[in-house]
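Reading through the structure tokens given below for one structure.
When the chains are written out, they are named A, B, C and D in that same order, and each has its own residue count from 1.
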Amino acid sequence: MKNSISEINITKAKNHKTSFDFLAENLTNKGVDVENIIAKLAEFQCAIPSWALGAGGTRFGRFSIGGEPGSLEDKINDVGTIHSLTGCAGAISLHIPWDIPKDVAAIQQLAVANGLIFDAVNSNTFQDQKDQPFSYKYGSLSSIHKDSRDLAIQHNMEVVKIGEQLGSKSITVWLADGSNFPGQVNFRKALQHTADSLKSIYSSMPSDWSMFIEYKPYEPNFYHTVIQDWGTSFMLANECGDRAYTLVDLGHHLPNTNIEYIVSTLMSKGKLGGFHFNDSKYGDDDLTVGSIKPYQLFLIFNELVYGMKNDLQNPSPAWMIDASHNIKDPLEDLIQSLEAILLAYAQALVLDHDQLESARENSDVVLAQELLQDVFRTDLRPLIAEVRKRKNAAIHPIDAYRQLAIRQQLTGQRGTNTIATGL
Amino acid sequence: MKNSISEINITKAKNHKTSFDFLAENLTNKGVDVENIIAKLAEFQCAIPSWALGAGGTRFGRFSIGGEPGSLEDKINDVGTIHSLTGCAGAISLHIPWDIPKDVAAIQQLAVANGLIFDAVNSNTFQDQKDQPFSYKYGSLSSIHKDSRDLAIQHNMEVVKIGEQLGSKSITVWLADGSNFPGQVNFRKALQHTADSLKSIYSSMPSDWSMFIEYKPYEPNFYHTVIQDWGTSFMLANECGDRAYTLVDLGHHLPNTNIEYIVSTLMSKGKLGGFHFNDSKYGDDDLTVGSIKPYQLFLIFNELVYGMKNDLQNPSPAWMIDASHNIKDPLEDLIQSLEAILLAYAQALVLDHDQLESARENSDVVLAQELLQDVFRTDLRPLIAEVRKRKNAAIHPIDAYRQLAIRQQLTGQRGTNTIATGL
Amino acid sequence: MKNSISEINITKAKNHKTSFDFLAENLTNKGVDVENIIAKLAEFQCAIPSWALGAGGTRFGRFSIGGEPGSLEDKINDVGTIHSLTGCAGAISLHIPWDIPKDVAAIQQLAVANGLIFDAVNSNTFQDQKDQPFSYKYGSLSSIHKDSRDLAIQHNMEVVKIGEQLGSKSITVWLADGSNFPGQVNFRKALQHTADSLKSIYSSMPSDWSMFIEYKPYEPNFYHTVIQDWGTSFMLANECGDRAYTLVDLGHHLPNTNIEYIVSTLMSKGKLGGFHFNDSKYGDDDLTVGSIKPYQLFLIFNELVYGMKNDLQNPSPAWMIDASHNIKDPLEDLIQSLEAILLAYAQALVLDHDQLESARENSDVVLAQELLQDVFRTDLRPLIAEVRKRKNAAIHPIDAYRQLAIRQQLTGQRGTNTIATGL
Amino acid sequence: MKNSISEINITKAKNHKTSFDFLAENLTNKGVDVENIIAKLAEFQCAIPSWALGAGGTRFGRFSIGGEPGSLEDKINDVGTIHSLTGCAGAISLHIPWDIPKDVAAIQQLAVANGLIFDAVNSNTFQDQKDQPFSYKYGSLSSIHKDSRDLAIQHNMEVVKIGEQLGSKSITVWLADGSNFPGQVNFRKALQHTADSLKSIYSSMPSDWSMFIEYKPYEPNFYHTVIQDWGTSFMLANECGDRAYTLVDLGHHLPNTNIEYIVSTLMSKGKLGGFHFNDSKYGDDDLTVGSIKPYQLFLIFNELVYGMKNDLQNPSPAWMIDASHNIKDPLEDLIQSLEAILLAYAQALVLDHDQLESARENSDVVLAQELLQDVFRTDLRPLIAEVRKRKNAAIHPIDAYRQLAIRQQLTGQRGTNTIATGL
């Protein structure tokens, strides 16, 4: 594939060079160290979750597409394809039990061949598996029923073990537990059980593992969620220990939440562990990153970049795209998401934080806004394309994907009726 | 079943009588015509949709229960059970293609035996059926593709025909069409196609049929919905004609919407055709009626009752419960919903509108609030129980349902693994 | 006034007795200890803020009423009036600099004469006072400018001193600081400055004082608020020390927030210090308590009552009504709020928590809901009236207020054009 | 001032030329007719409201700035300054009674000297004026009290007369009427009174005048607003007649509303009369245009541009900025808003609608998104700067404003304590 990409790149090289040179000169004139930014962009790698490679759906239905991956191997290959095209999708995030590898060595080899590592593993206690002895219908880690709690704890420990075999170093716990009706659960007991369950899992993890605790205000429960917001997650992470962190998913907030400030607060306390990208207009819509609120994404990246530089107590966050591809080709959708992420990252890197601090010290609100908008309005796409070009990834990945007719090939190989495991 | 209910009622009769007599005396002293209100409550009948009798689910999963109905016959029997217990669920609302009757006469007979009529029929163009020639993936009545539009129009016409055979007099069109991403569809064309499609269906209906046009701001589309709000539905209904109406579903509104005012406006223009009950905290959560915002329900019923008396241009709305039973026994859940509906209706009937108008004319805001709260805080449950008692329905339906061990019987008959067709 | 109230009560005594006896018998039959509940209700005292006794307004204007209080003395007398009528408003909460007493002893004497104590004092750094040396335009405790920070810290310390003179034991810090535009402030620095400023104030307080840290997501800043949510407040309170607590104001939440769960979490951690009552449909609307979402209020009281019994680490929260009276007579409005508060409290006290726990242990969601709704639907107003009657407060306070023509008297004494200091 | 601007422009000319030439060449290569777009941008004129030239405030306070305008003359001069700098603010929108001209001819002359026309006039029935015979406290055009209604109708008619003298051709009615509490008003009567009042005003207008009916969901009323949404405004406009239109204010929507679709629907029905620009994160925050959601602004302009070309039944909308400048220099704030508006307009003009339609016809969702994002990510600022340069306005207006020390001059002339009339 790399050869095909290079050939396509040749047809785009001249135009790209003109754009890049113009941009690089302008940025350099403004005092921006272009090569330094290119180096940082080149380092950035974002995980793709295994469950996002097939068509997603809603409670009202699902429209499948051709060539969906039917196995873990297929999923790894699909992420490999994205990585070849974009150069920044060098990790896959597995979901257990959907992705239990049968032959660990073979799977590892396949990942290596695709240039991928295994990022955080994800447990699943929001569904009952066939013949499961105790149900999660009324909760798992938070359940009033000890049997269900223990089962869920056990499951999370097994997820860690599978992750260990593959080289993962972290587990993401998204706890769907909560209640649909006032009165249904005792809030305090559910929270206490959750804290205890998380501590059990935490203490069983290898000493070089981290735990990411995700929060979400509602869905699939529609009255109360045990870990409803960053405050609850942060509190639980503190109770667990140093290697427990909060995970922010962009879609998991009430209307109008200032997410960038949450990011800032968590990083300043050294507690932002993971980050799930997507976009939304209403709720957890799981749309393509940057398709609805690109300026918010930029503002968030401003805080991330500031934190990566200044909040030394905070580890480098684990990045992942967590979107649902209900009507687009999932691979194209993910490529669009990666473009939006890289662009926001580039914007935040180009922002002159010293000038910004100076404006703030003068309470020059107008200038502070001008500085942000100047960066956001500058077309930085040539920077990202340059990074890809240097990596032999595609200058324009969507074009390349289409020219290479990848979906048609996948459909030919896998058929039109395969259904991806998972959501 | 009626005998068993009567026997159970006997055990509750004395307590009920004490409560009812006390309430009736108090109300009478306030000038309320108790028997008149009882008569109105007794007339009230609310349809149960065929798809609400099994366990519901979310995009993340579904937890089934025992004894779910596996056929249209089962569904009719379940509604019959609810009707026997509550006396106010004397209608069923079918969903096509999930509920196409094979033997119309037998189905009608079964409905009669259960004391049920067939209320509005519902079409489905939000899913593709197996081997469907053209997909609804990118829209149905609004589609840019004439083939998909025509198919959807044809389907709606067939739904009307099936409804005609059963004695229905109206069709509810919930159009899930919209888009997930900015740019995806041309808003104007989609709206125009929708108007044209609805007009085609409308003009093909029998002359004594009505069309109810539902609106919803989002889900399953997450950027734009063609019929996003009451204004759009109202506009389309006006374009269709006199027998086209807006249908209000309580869960289909943006956060903080004043729904009671929408109800008022529609009735005053003679355009409120149907009403779907449920409750929600976040979005279209489809929770039990009255479980989250009972005061809002009362405020809505105030407008409904006022309109039924004063807005003579408006037909009597078609009532239906449209909830999803993800963790409760669906029959118990529906019984709780009916209780909440009847209670809010009773409250609105007891409210002294003359006194209220007088307070309003004096701009006595405090008194207006006192009048509403006085009614809402008064315990009117004995009124509803009295209505049921007189109909030989259960004084306390949930208790009776449990004493009669209905779920256990259904599970015994139908097994634990039946899955209801539909959502 | 007490004599006049007693006379009015006589005319209502018979009806009240009938209602109360009926209710008390019913509750007793259900196993409720009526006298115990009456005792708890009788103990409940809610503070009235000094700024809520005149007409409120919006940024678009203000409609004044006759007889507004023009001095601290007037305000104390107005609260005294409410307390005489309701028996549960035995505290006033002052706002500095609006309410600086000139003659402390006289003010104390007046408070005692009215049966009032001085509850939490409130500082104000959201406005500049005339000739203030440094502005709060760009922030106070969080400001990038040390001069503004120091001034704000100093002001808070003075508020504590004034409070000490009057017998207050706590200070409420509502920090309006934040920003209106992305880029305007450095989130981390503003948060750190806030933490440091709060610690300075905290450490200067007498050792028997508590600090309540309020949170609010937006307004008067419309992009970011430094203490935006309970998580931030909780974090800051933990950083300050044992006697720093979070204060919950019902109107300070994003749309659809599950407030009752926040209350539960804070109490279980011993960190719920104060509670501001009001109601809202859209934002911080500051409407009469219980006028929009009475069921939510009940659910919140369930958690409060549970916590007061079980969360022994949590102090008894400081209760206050924080509403704005834009179109109602403020005294009538406050009386309506007190009624709603007492009613919700009574409902939560009557709820059988053992039965509820049992339902939860059986995952009987339907029964749990039934238990809550049963209490909420029961008319408990006679309990509250009985409490008032025993205290020689008014059986029906609004009626008494009107019969006594209090507003007319106040207008006669104070004129029609007095404007209350404050908002 | 024009000379000073030209001098400053000289210093920026070279850089601008390089940027513009590069952009123009790129656009031309893509088939964009650059001169045509420049011509359209040059025609665009946006009104500035007279009340937005001083510091705004919230209900919690207001921080004034130096040099605020103290008279209508000052306001006209301020708009003239903005127009000189930007070339696109050639209109002022007056608010009555705040801006009643004493000497009409002199005011007209001053406007002409500043290159300004008088756009839509605005009535005010949300405040009581001193010695007003009947209050608007409980409503104006919707009031249950005929005296208040008549007064409000009369006031609107007078506003039209004042507008006529100045050459305005339209009146904007923002009706703040509504209610704060359930029960307060009879929805139907308030709506009917509003319809009747609007019809009275409408029928009294000169035959070449238009009426713009604004909608808003809440504030200053917090339970119900008579004209709560576009549907209500559209219905009322239809009832009034052909020259009555809906006015969209970006901040007047419930959370998550798809505003661009509302714009599209209104234009397709020929009923979008006016447009008020601002931005917001929470409610009607009245922030600088484009400061929070610039992509949404672009999506809205896509519909506006499409409509201006295709919806020939719709008049050219009256544009106005309706923001509040709480912490920024109002003139700088307005300049930033104009920049954001022009940029979004330019983006929408550059978008290739034929390509977009083609993508839509193929249901190529990915391509449709790419087309939109490509335009949005392209830096089109040189186009706007070029338009200004050709008009002898400032290439970079904020820089010029600061270099010319305009605020300092205004403060010198007008002092530091002038308070603008109005909000």
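Some observations on this one:
Simple rule for what comes next: contacts are C-beta pairs under 8 Å (C-beta built on N, C-alpha and C of every residue); 3 or more make two chains touch, one makes a residue touch a chain.
Just so we're clear, the structure is a prediction, and the values are computed from it rather than from any experiment.
Common neighbours of chain A and chain B, by the contact definition above: C, D. Between B-C and C-D, more C-beta contact pairs are found at C-D. Our note on geometry: chain C versus chain D, Cα centroid distance of 40 Å, whole angstroms. In chain B, the positions touching at least two other chains are 137-138, 180-182, 184, 217-218, 223, 255-256, 258, 281-282, 288, 291-292, 295, 327-328, 365, 369.
In the complex of the two chains, the chain A residues touching chain C come out as 137-138, 144-145, 179-188, 191-192, 217-218, 223-225, 228-232, 234-235, 254-258, 260-261, 264-265, 268-269, 295, 299, 303, 306, 310-311, 356-357, 359-361, 363, 365, 368-369, 371-372. Those residues of chain C whose C-beta lies close enough to touch chain B in the complex are 19, 22, 26, 255-256, 258, 281-282, 288, 290-296, 327-329, 332-333, 336, 343, 365-366, 369-370, 373, 376-379, 381, 398. The residues of chain D lying in touch with chain C in their complex are 57-61, 63, 126-128, 135, 137-138, 176, 180-182, 184, 217-220, 222-223, 255, 280-283, 285-288, 291-292, 326-328, 423.
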